[in-house]
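Shared between the two complexes below is chain A, which pairs with chain B and chain C, respectively.
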Partner chain A sequence: MSTPASDNAAPSAWLLSLPALVFFAVIVIVPLIMTVVLSFHDWGEYKGIQPVFILKNWIEIWSDPYFGEMFARTFRIAILVTLITAVFGAPEAYILNRMRAPWRGIFVLVLLGPLLISIVARTLGWALLFGGNSGVVNAALMKLGVISSPIPFMFTETGVIIALAHVLMPFMVLSVWAALQRVDPQIENAAASLGAGHFTTLRRVIFPQIVPGVLSGGIIVFALSASAFATPAIIGGRRLKVAATLAYDEFLNTLNWPLGAAVATLLLVCLVVTIVGANRLIERRYAEVFR
Partner chain B sequence: MSFLVLRELKKTYGDFVAVEALSLDVQRGEFISLLGPSGCGKTTTLQMVAGFVEPTGGAILLDGHDLVAMKPSRRGLGVVFQSYALFPHMTAAENVAFGLEMQKVGRAERDERVRNALELVGLGGFAERYPRRMSGGQQQRVALARALVIRPHVLLLDEPLSNLDAKLREEMQIELRQIQRTVGTTTILVTHDQSEAMALSDRIVVMNGGRVEQIAAPQEAYERPATPFVAGFLGKTNELSGTARVEGGETRVVIADGRWASRRPIDGAVIASVRPEKIAFADCAAGRLTGLVKTRIFQGNHWLYRIETLAGQVFVIRQNGGEPMPAENDKVGLTWRPEDMALRAADGRR
Partner chain C sequence: MTRNGPLALLYHALFVVFMLAPIVIVCIVAFTPEGYLSLPTHGLSLRWFRTIAQYPEFIRAFWVSIWLGALSSAIALSLSVPAALAIARYRFKGRDALATLFMSPLMIPPVVLGIAFLRFFSLVGLGGTFVGLVLSHVVIVFPFALRLTLASAVGMDRAIEQAAVSLGASDWTVFRRVTLPLILPGLVSGWALAFIQSFDEVTMTVFVAAPGTETLPVRMFLYIQDNIDPLVTSVSASVIALTAIALVALDRLYGLERLLAGRGINEP
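And then the complex of A and B:
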């Protein structure tokens, strides 16, 4: 809001936020610029990093289909994870919102569980459940004769998607829940008094109101899964690389920092474009309704 | 048989009794108000009729049919909520059309009825507006149109005007009453505002702590309150202690230095209840209750006086007719007609 009062307050407000701005610049902006600059440097196995300006890394990413495949996989995983969290998370948030006092707290804790456990422990848990012949779930299913060979989980896209959806579910649920909290508690009664059944009320009254929550949750989940490192690194391993693990390998294994920087920069640019675009769309679409 | 019958309706939450054996007969086309302080069970009662709260006991009959077993979506009642509960993602017209869509009313008729309903509440030009872009009063009208357009058997209003500022509230009261007269829908209004209840209703149900204190026409309840609670809740009243003695077919009432003759046979210590606007000023003759004017406040169309008497403080309201009025620190006598004074025994007997 721009009232005269807040305009007058502006100089001191800037002054007050100066330390935070400096801090932000030093730890975020500067490394970011350095990474972008690095992506234009040259590198050779014997000569190391050469501080010159060339497009070699960018041309390599552009022309080698290997990189295209990595990025396609990254975004395929991110989209599927986003869809899965939306499909399961939105109803979960709705149910959570309707729960009574003790249960709601307990289930919020269960929901937040994955965030409270170290990412390594959690991913190893998935690996223990599904990994190879000896994974608990696979072993049990095979003993029962439900499946004849283990469900491939480790080093597969399916595995990465399931594990990521699990970790990122809280972001979707909390985002939808926040949208639900803004819904008038009497609105379902209002719909009922006008003759709408439960399903119609959900479809025509509740769902349209939580769409913004689903979309903003979707943006968070998409960004986090496209840039996820630990889960794809442990479950996908060397065989199933995504953009983040690819950049990591260039940095630490091949030691080709400039190429890694180019991959990282491209990933960042793709993400920013997607997020800003999606956000624009949401704001334009729902500006009328949700101020 | 009455159109809507509530019989011994009851609701408890654990040990807490929210509504206790409420019985009420509503005639077709009648405007009834449930009036009482916050927490007395008005909303609970209304929600039991609407079907959002399940009664612990009792029956609700609409035109002779049992409502309790019926789902809220089948009852065909129009409800206006205190928060309006409009659908924010739909325009005013879409909000109003929703109930008709549920009734599978055809497109052409639907559009026609939506237009008429919006016009009825004075929102003809606002059909395409979203609720969040409307003022409180406009949202309130959309909610009313949405409830009325389905031609409900009964219209239920839960504090519909309480979120509006005082001036708008008064306008809407008049409009609400006029619309209800035009459409003729049987209406139950919940309110904690006694002047709103009196202005709008054919009959008032005064509630307190989950119990009904009195069911009567507004004037009746005001002039002849059944209980001290009703007397205190409907407008201001003066409660004065005195004594009464039956003497030769007449009751002599003594309040401090004032004396009255009443027809009510009552003996002993009494409490007399007199409305401030029923008290007139007179000179300090013998046998009159006298006092000193402590404060007087000018309120435009009337004066509000606080008089210090031997029987305690007395509030007096006098119309501003232009004649000279007693000033502060004047000594005045107070008179009222015996029939304007409600007497009850001081120890609680009635």
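And then the complex of A and C:
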């Protein structure tokens, strides 16, 4: 539905958007700029925040290997979570798409509903499942004979990755499913009638069509897991830090706001560069699919 | 041909178990009769649900969350309606940039937003206040409100508006008597989705909330950081139950697929 652009379209459009625009300028853009500025301020335990322009915080992040290690961990977790959700979520979306009423509606509710359930409650569930050596997951795995001694899940990257993969899985299923819905269901029959086996159809016909869905879902999952806070804070504990929990510590425990602001700014820049870059790449490669 | 085979169904069953396990375990543990975390539990008891009443901080946090969600969603919605009409109806220079700006809270990590708000609010004297909390939540829920208002504004039949104009209705009358009633279902769903997003938000809110203005998820998060016991589990189970009710209602009202998958901006 498009109204032909008329000469007087712009003023009324801007007038209508004005309240939201002013709100965003004051409450989003100004604070974000202030955060970037804050990252160049000085801080001392006794003198507090000094409004000067220095590179101290940025040099500290650059030179102290602690920050490098922490950012590497953040992105390692994000990449693994993205891969896990893609590998397990895409087939599930395919299965979901082939279901019939009323099962499809029921399982859409079951699989996508958790998106709207408090992330703290979902992570608490994993903390209960993992909890110590007597945790449910370890007990079950040992009973099944998969492992002989309990795997430490709490306060480890493994635990954080599993819990994050669970928390973000619905985004991947949703994204792949959206891609699948654009596929003509008859196309599988067409492939079969031309003599393709089931596996060939999957590989040559279905797979190429869901790749854009996996990629756009992957961007969402990557961005959300790289900036995840509550899940790594609860499962990872106080020692296993990621970028978001480190920024939180600097702000609310150490009270070194400028350093925390620098960590946050760096996280934002890394994410924006990754997301915009990945989007460009995908749009160029799959222009005809996204249109 | 288009049926799922037994292997696919087995995979599906395992997947569903994985997705539901943490949620189910919270609900099971919440009913434990023991005074500590124990699995499996022997027998069911409501003692931990009754205990919640003795912790006024959880009750107060719950009401903060309710009012915060209701207010911030309403404000976000009233800001998003004119913006959605502008984006849906006009092709103008800067339209895409505007849409990107309005959807940007989805892309900015909530921890960054939280830090930005903490700094900004403490400089302008809103640090730790409920007003600051509402303003910050308007930002968080705005993309969701906009997405659904935009979807209904795009899907609306404009011939009805033109008919009203030709019958002599003023712009304001057209909006109040024709446009608004037509997009109302989208607005209600947008408000509900925004409310749930606000009710669930924890990362950004942890920075903005002060002890008197903690929301329920923030209270739960801070509590879990200290220790995990059946009390916080029963609080979580209550939250899960409330969300599940809201979810089924939303599914009936609007359709969950449409609610979550709705795009709007890039659609014609």
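Definition applied: the second predicted complex is superposed on the first by the 269 of 291 C-alpha atoms of A that agree within 3 Å, B and C clash if a C-alpha of one lies under 4 Å from a C-alpha of the other, contacts with A are read in each partner's own complex, and residues count from 1 in each chain.
One rule holds for everything that comes next: a contact is a pair of C-beta atoms (placed from the backbone, for glycine too) under 8 Å apart; a residue touches a chain by one contact, two chains touch by 3 or more.
Please read these numbers as outputs of a predicted model, since none were measured by experiment.
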Answer with clash or fit: chain B and chain C placed together on chain A by superposition. fit
Angle at the Cα centre of chain A, taken between the Cα centres of chain B and chain C once the superposition is applied, in steps of 10 degrees: 80
Using the touch definition from the top, say if A:Ala127 reaches chain B (first), chain C (second), both or neither. second
Applying the touch criterion given at the start, work out whether A:Asn189 contacts chain B, chain C, both or neither, answering first, second, both or neither. both
Is A:Ile234 in contact with chain B, with chain C, with both, or with neither (first, second, both, neither)? second
Is A:Tyr66 in contact with chain B, with chain C, with both, or with neither (first, second, both, neither)? neither
Partner contacting more residues of chain A (chain B vs chain C): C
How many Å separate the nearest C-alpha atoms of chain B and chain C in the overlaid structures? 7
Give me the intersection of chain A's contacts with chain B and its contacts with chain C, in residue numbers. 189, 192
For the complex, give me every residue of chain A touching chain C. 1-5, 9-10, 12-21, 23-24, 27-28, 30-32, 34-35, 38, 88, 91-92, 95-96, 98-99, 105, 107-129, 131, 134, 136, 163, 166, 169-170, 174, 177-178, 185, 188-189, 192, 223, 226-227, 229-230, 233-234, 243-244, 247-248, 251-252, 257, 260-261, 264-265, 267-268, 271-272, 275
Could you list, by residue number, the parts of chain A that touch chain B in their complex? 184, 186-187, 189-197, 200, 204-205, 208-209, 288-291
Chain B to chain A touching residues, read off their complex: 47, 50-52, 71-79, 81, 83-89, 98-99, 102-103, 130, 132-133, 146-147, 150
Counting only contacts in the complex, chain C reaches chain A at residues 1-4, 8-9, 11-12, 15-16, 18-26, 29, 37, 39, 79-80, 82-83, 85-95, 98, 101-102, 104-105, 107-113, 115-120, 123, 135-136, 138-139, 142, 154-155, 158, 196, 199-200, 202-203, 206-207, 217, 220-221, 224-225, 228, 232-233, 236-237, 239-240, 243-244, 246-248, 251, 256-257, 260-261, 268
